[in-house]
Amino acid sequence: MGQFAQFAINGLMSGAIYALIAIGIVSVFKATKVVNFAHGYLIMFGAYFYFTFSVVVPGQEWAPAWLASWQPDWLLAAKEGLPMFSPMGAVLDWVANLPRILFGLVGALFANAVVGLIIERTLMRPLMGQSIFAMIMVTVGLISIMSGSAQLIWTADAANVPYIAPNMPIRFELFGTMIFIFGTDLVNMVIALLLFGGIVAFVRFTKGGIAIRATAEDSSTAYSMGISVPKVFSRAWVLASTTGAIAGAILATRNGISPSLGLFGFSVLAIVLMGGLDSYIGVFIAAMSVGVMEAMTQWQLGGDWAEIVPYVAVLVVLIWRPHGLMGQKEVERI
Amino acid sequence: MINANLKSTYAADERVLNNRYKQMFVYGMALLLAVFGAFANDYLILIACKMGLLLIAVVGINVLTGYTGLVSLGHAAFVAIGAYSVTIFQNVTAGFIPDPVMIFFAVPFAVFLAAFIGVIVGLPSLRVKGLYLAVATLAANFIVIFLIEQDLFAPWTGGMVGLTTNAPNIFGWILDSKREMFGLIALVGFVTLLMAQNLIRTRIGRAFIAIRDRDYSAEILGISLLKYKLMSFSISAAFCGLSGALFAYFYARILPEQFELDLSLELVAALIVGGMGRTMGPVFGVIIIVMVPEVIKITFGALTGDAAGMAQLRAPLQEIAFGALLVFFLLKEPLGINQIVDRMLRAANRWPFARG
Amino acid sequence: MLKVEDLHLSFGGIKALQGVNFEARAGEITGVIGPNGAGKTSLFNAISGFYTPDKGRVSFEGRDITDLRPDKKAELGLARTFQNIALFRGMTVLDNIKLGGHTRLKTNLWQALWYFGSAQREELELRREIEERVIDFLEIDHIRKYPITMLPYGLQKRVELGRALAMRPKVLLLDEPVAGMNREETADMARFILDVQEQFGTTILLVEHDMHMVMDICSHIVVLNFGQQIASGTPAEVSRNPDVIEAYLGAAA
């Protein structure tokens, strides 16, 4: 039972990250009806940008020293005499890294937003009003373009990136067993959940969100009602690329940075379809359950079987419920 | 639509090559291919074989995506199934079936197995449209490759190390050179194209196109969506399986990583670049998709003088070129090269009365 | 021939059809009329199998076909056209009409792939038949090789009728065959419909807004209003019916 709880918690934590990534795909779909097959690569760009702004830039000679490692007197004093691997030490290390973490996150957000805008402007907008198939295939072409560009731009081996939160171990007892989690994973989960909730609230309650929903319903009517559809499209892409940047930064600290990070997007795509493309709630449920199922598979069958869990799950769900758990069935008028 | 072609029978009008220019084009190409097979150097033969292998699979994708309108991003799985099942079949039945006729059992086995699994993977297509299917096939691709790599099946599949297949033996004639293999691949490729063309000029292919264009209207004409979607899936999987079988014979070793998503995307990209739903589309598509990386390789080598530091930039550049090609055609010529060629043929047909 | 008995159909809370009863008699033209939203197209969709009715039955030549899938109904000899033309836009006129012959052809996959012997014979026979029976009949020989997208609206409607005729149907369902046409095109279409009935003896059921045309060519008329059948009878009877007058013109002041 204790083991079960440990893996369930691990699963929920990765499920939250899945949900955060899924937001990007769902938002772009809601606004533009395009399923972005290259979303994983947008996340990979986010991860590389985080690496660039939190490791590469602070490491340059011209960068101020405090950016790479902030060491005010009180910090050094507090560190004095602390034992290795103490929770307090982890917090202080984090404080020392804080400038470059923040710089990395902000840099990644902006850089990725620019990438998202460029994609929308140069590739998606010319196809507006044309077949959805063409738009989707453009995102498939993007996969190769982005993966190749990343290899061209970031040829250097990616070093470790700083954790977003203090990486201290947290232990507590549940059902008579010790549960062990890392502080940074917990914070990542909280960030992911907050962002998810925030974006759902944005789409549901704000004017901009209503514009997105109206465009999703019928873009030509929305256009004629005074909603700037192109603006909605670019907003959706910015939303996807910025949440992607945060997710990328988190993934960079969890799984390391490599071009294979892009593949992650495909499992999230499977999750999104499982949940039902246009339903945030359904996608959230799907993300959490796939996270837990993966953790359970890892526990029972070993790590490599976990990687096909989302794919098996999506096939099962699609045969059982063709439009996903909570997706809307499109009514066809004959 | 000028029809400057006088015809006096329906049979003449129903021919595929119904005017002189199309005839000249196709026969000229066939002649060129024969000359090529006899005189080209080994490098060119290798490239041509690559194209041929890809062509057979792309014709399969064309049946599914181009004619029936169902998108698949996982057909590399069927190429894998074809390749692996040929080799495994040969290994398992080695003592029972004599070598000179082995290929006549192994290849049909591979093709039928791919078709059968195609039906299973195609099942979601009955209930979901478009994208859902693209993701379902993508998932199937990941799962198939994953299973091939598993230690559990490694005694048959060779796991990560892959498998080797003997050169095909046709009644004692062993095709152990690339040039001989080129002959076989070109022949099979031609027959595949012919079959696809025949398919769309009879009721089954028309039914596919009807489903693509308007599925409820197809139903009202008595076309069972269930039957024809699955049929389309199995035909396309069978062609991909056939391509895979030849793939196994052609390359010294097959590895699971050769059949991953990259190949699936290459198949779809070749179809889009060439022209969806057109018989000759796959031909034009594979030529471009295979040639562009080669051209990059050659020019890159010439420009950098094979400097060691630059060599690692080549693969990413090829990848970018591949994606850019796909995006370019989607934006500028969504009907592919076939459309460009059609325009030229039409202009030739009208000449000298009208141009363009 | 085609009999609809006590048909009920609803979508959620909306009652699209509430107890529709009529029979399309063999070899006659029956018209279904009613204001917008009366349930005419829903009735057609229920008859051709896209919607499953909640209650009631549809029978064809005495056989219950209520729950058959559309493609099975087509095999029995039920053909239809759609209100907003449902031709295959990626094909030529000829291929569209050829598709009408789908259920009668026997070519299997193997024969189709090789196009030898029987497959070729069958294709040429089909071609000859549709040329003589459909293309010539509907006077569309000049556009047979045109892609659908190049045709004007009126011709598209005619091609759709041609596709249905290529099925050699026993019953033909026409959903607003002259909607959006001008007077001349309407007259042409009315003539074709009468010709079909006369030459092939096809039973025809049509939905139409054009009152003149319906009164002129139908021998029997069913009137729907808000899903309910408010009248049925000969054109003369129906046009005198007070309920019908009220539905169309509003209550007498």
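Letters A, B and C name the chains as they come in the text, with residue numbers starting at 1 for each one.
What we mean here is this: a residue touches a chain if its C-beta (ideal position, glycine included) is under 8 Å from a C-beta of that chain, and two chains touch if they have at least 3 such contacts.
Computed from a predicted model, the values in this text were never measured in an experiment.
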item: Taking each chain's C-alpha mean as its centre, the one farthest from chain A; value: C
item: Identity of the most central chain, Cα criterion; value: B
item: Centre distance in Å when chain A and chain B are each reduced to the mean of their C-alpha atoms; value: 35
item: Approximate Å spacing (C-alpha centroids) for the pair chain B, chain C; value: 41
item: Chain A and chain C: spacing of chain centres that average the CA atoms, whole Å; value: 52
item: Multi-partner residues of chain A (each touching 2 or more other chains); value: 334
item: Multi-partner residues of chain B (at least 2 other chains); value: 216
item: Chain C: positions in contact with at least two other chains; value: 50, 82, 86
item: For the chain B and chain C complex, residues of the former touching the latter; value: 1, 3, 10-11, 13-14, 195, 198-199, 201-207, 209-210, 212-214, 216-225, 231, 235, 277
item: Complex contact set, residues of chain C against chain B; value: 48-50, 69-72, 74-75, 79-80, 82, 86-91, 95, 98-103, 105, 107, 109, 111-115, 119, 123-124, 127-128, 131, 145-146, 150, 163, 167
item: Touching residues (chain side chain B, partner chain A) in the complex; value: 71, 73, 123-124, 127-128, 130-132, 134-136, 138-140, 142-143, 146, 150, 216, 261, 265, 268-269, 272, 312-313, 315-320, 322-327, 330-331, 334
item: Contact set on chain A toward chain B in their complex; value: 35, 37, 123, 126-127, 130-134, 136-138, 140-152, 155, 263, 266, 269-270, 273, 277, 304, 307-308, 310-312, 314-315, 318-319, 322-323, 332, 334
